[in-house]
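Both of the next two complexes hold chain A, though its partner changes from chain B to chain C.
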Partner chain A sequence: MMKEAISRLNKLFENRVRLGIMSVLIVNESYDFISLKETLGVTDGNLASHLKALEENALITVNKQFIGRRPNTSYSITETGASLFRDHIKALEDIIKA
Partner chain B sequence: MMKEAISRLNKLFENRVRLGIMSVLIVNESYDFISLKETLGVTDGNLASHLKALEENALITVNKQFIGRRPNTSYSITETGASLFRDHIKALEDIIKA
Partner chain C sequence: MEKKIDYSDDIKTIKKIMEESSRFLSLSGLSGIFAGVTAIAGACVAQYGILKSRTFFINDMVSTLSDKEFSSVKIQIVADALIVLSIALAGSFYFSFRKARESGQKIWTPVSKRLLLNLFIPLIAGSIFIIVLYFQNQWQLIVPAMLIFYGLALINAGKFTYSEVFYLGLAELITGFASAFFPTITLLFWLIGFGALHICYGLIMYRKYK
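Now for the complex of A and B:
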């Protein structure tokens, strides 16, 4: 039912950059900032602000390390994030099909 | 490709109420305000503001008439609206599949 499916959409994933981030992280164990930026075709600032929002909601985790001498920041989806994102995608599919 | 699919998402349809409105109007020739409100489970003000934005972008048209003595406002999707919405759905599907 349309009303019910719409209520299952998650506002946290409405934005297209966030949709892209979550789509990448749900199929990759870990993904670094530079690669994410290239994959999604977004600016540093835009990507950073959406990553921060997702992190603050415990949907993704950040891992900062050094590869050789270079700092490397990578991201992973949390169990909660994966579960909520799957619910969101299911709701989207239900609306499109309805 | 993810970057290309994300760029094909249309900001005008990002919001879930708009996604709902367009999903209803793409499969119904015409739909009135009250029915739309019930189908989507949203408030008058929220629905009205999104309908206005879609109308201003020529994605839907408004038809005001009287049924008996009662005013009745109904909405239809435009050709442009249907075409752009189909592009948006296709992009969503490509991202989800990617």
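Now for the complex of A and C:
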């Protein structure tokens, strides 16, 4: 039972920063880079590389906009991302219960 | 076993981040207590300072005033209400800032912006409606309108903060409709809605989330 649940864990979410990004995006329609950085307490480079990885796997989408003259990058979760992340949480809960 | 501890840590982190990023948690119970006390003080100023009345039945009292006295009383009451509102708002911002600083959280976040937006849309709509009531001489409906729109604003904003705010909103809404049925004792409903309810809410919040 536990082995089976462990096998359902998604490798993409093993990292703490990615787990954090997905947790924010699953409850928010969109979130900007700076607020993500502040919420998760990570460095620019670290956050950017994990966002890139999630984007390449089509788990999140990037929206680049200008607010006045300043560029503003925000992120949203995709349907695939949300469903995979929910599966991952379910697997985590099953492991704890087991 | 070590792995298992790790996983429950993951779940805790996920839940914490979900909560912190979707709800504004720096509201302080002290804001409620402060707003309640301010409202009661404002009501005392209105009752004893401006109306100089010993009765809660406003109609009896108003009928003794000349037109000129009445319009001056109206302006003084509005000024009193605006001062109460400003002090209460300033207090709630101050206590929120303080709580955010103490817990090391940011005050200006995507969720606090959404909270303010959702709070202020019904509040501004209500303010405009109250201005209309004032100029149409429907002054007996002003306190009910304040309570009703304030209740709706809290219900709306409650989605982005503690659920107690939502329930405070419901209580304000009910108090507002009750006061609309008893237009001669609206000051009493003002005391209940903006005074007593705020203080109860503040005490509950303060004890629960200290």
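Assume the second predicted complex is superposed on the first by the 98 of 98 C-alpha atoms of A that agree within 3 Å, B and C clash if a C-alpha of one lies under 4 Å from a C-alpha of the other, contacts with A are read in each partner's own complex, and residues count from 1 in each chain.
The rule is short, and it goes like this: contacts are C-beta pairs under 8 Å (C-beta built on N, C-alpha and C of every residue); 3 or more make two chains touch, one makes a residue touch a chain.
All figures in this text were calculated on a predicted structure; none of them were measured in a lab.
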Could you tell me if A:Asp32 is touching chain B, chain C, both of them or neither one (first, second, both, neither)? second
Per the contact definition in the header, classify A:Ile89: touching chain B only (first), chain C only (second), both, or neither. both
Which of the two partners, first being chain B and second being chain C, lies in contact with A:Tyr75: first, second, both, or neither? neither
When the two structures are overlaid on chain A, which partner does A:Lys11 contact: first (chain B), second (chain C), both, or neither? first
Going by the contact rule set out at the top, does A:Ser23 touch chain B (first), chain C (second), both, or neither? both
Can you tell me whether chain B or chain C touches more residues on chain A? B
With both complexes overlaid on chain A, does A:Lys3 touch chain B (first), chain C (second), both or neither? first
Figure out whether A:Gly41 sits in contact with chain B (first) or chain C (second), or with both, or with neither. first
Residue overlap on chain A between the chain B interface and the chain C interface 16, 19-20, 23-24, 38-40, 89, 92-93, 95-96
Which residues of chain A touch chain C in their complex? 16, 19-20, 23-24, 26-28, 31-32, 35, 38-40, 89, 92-93, 95-96
How about chain C: which of its residues touch chain A in the complex? 4, 7-8, 10-11, 13-15, 17-18, 20-22, 106, 109-111
Within their complex, state which residues of chain B touch chain A. 2-4, 6-7, 9, 11, 14-17, 19-20, 23-24, 38-41, 89, 92-93, 95-96, 98
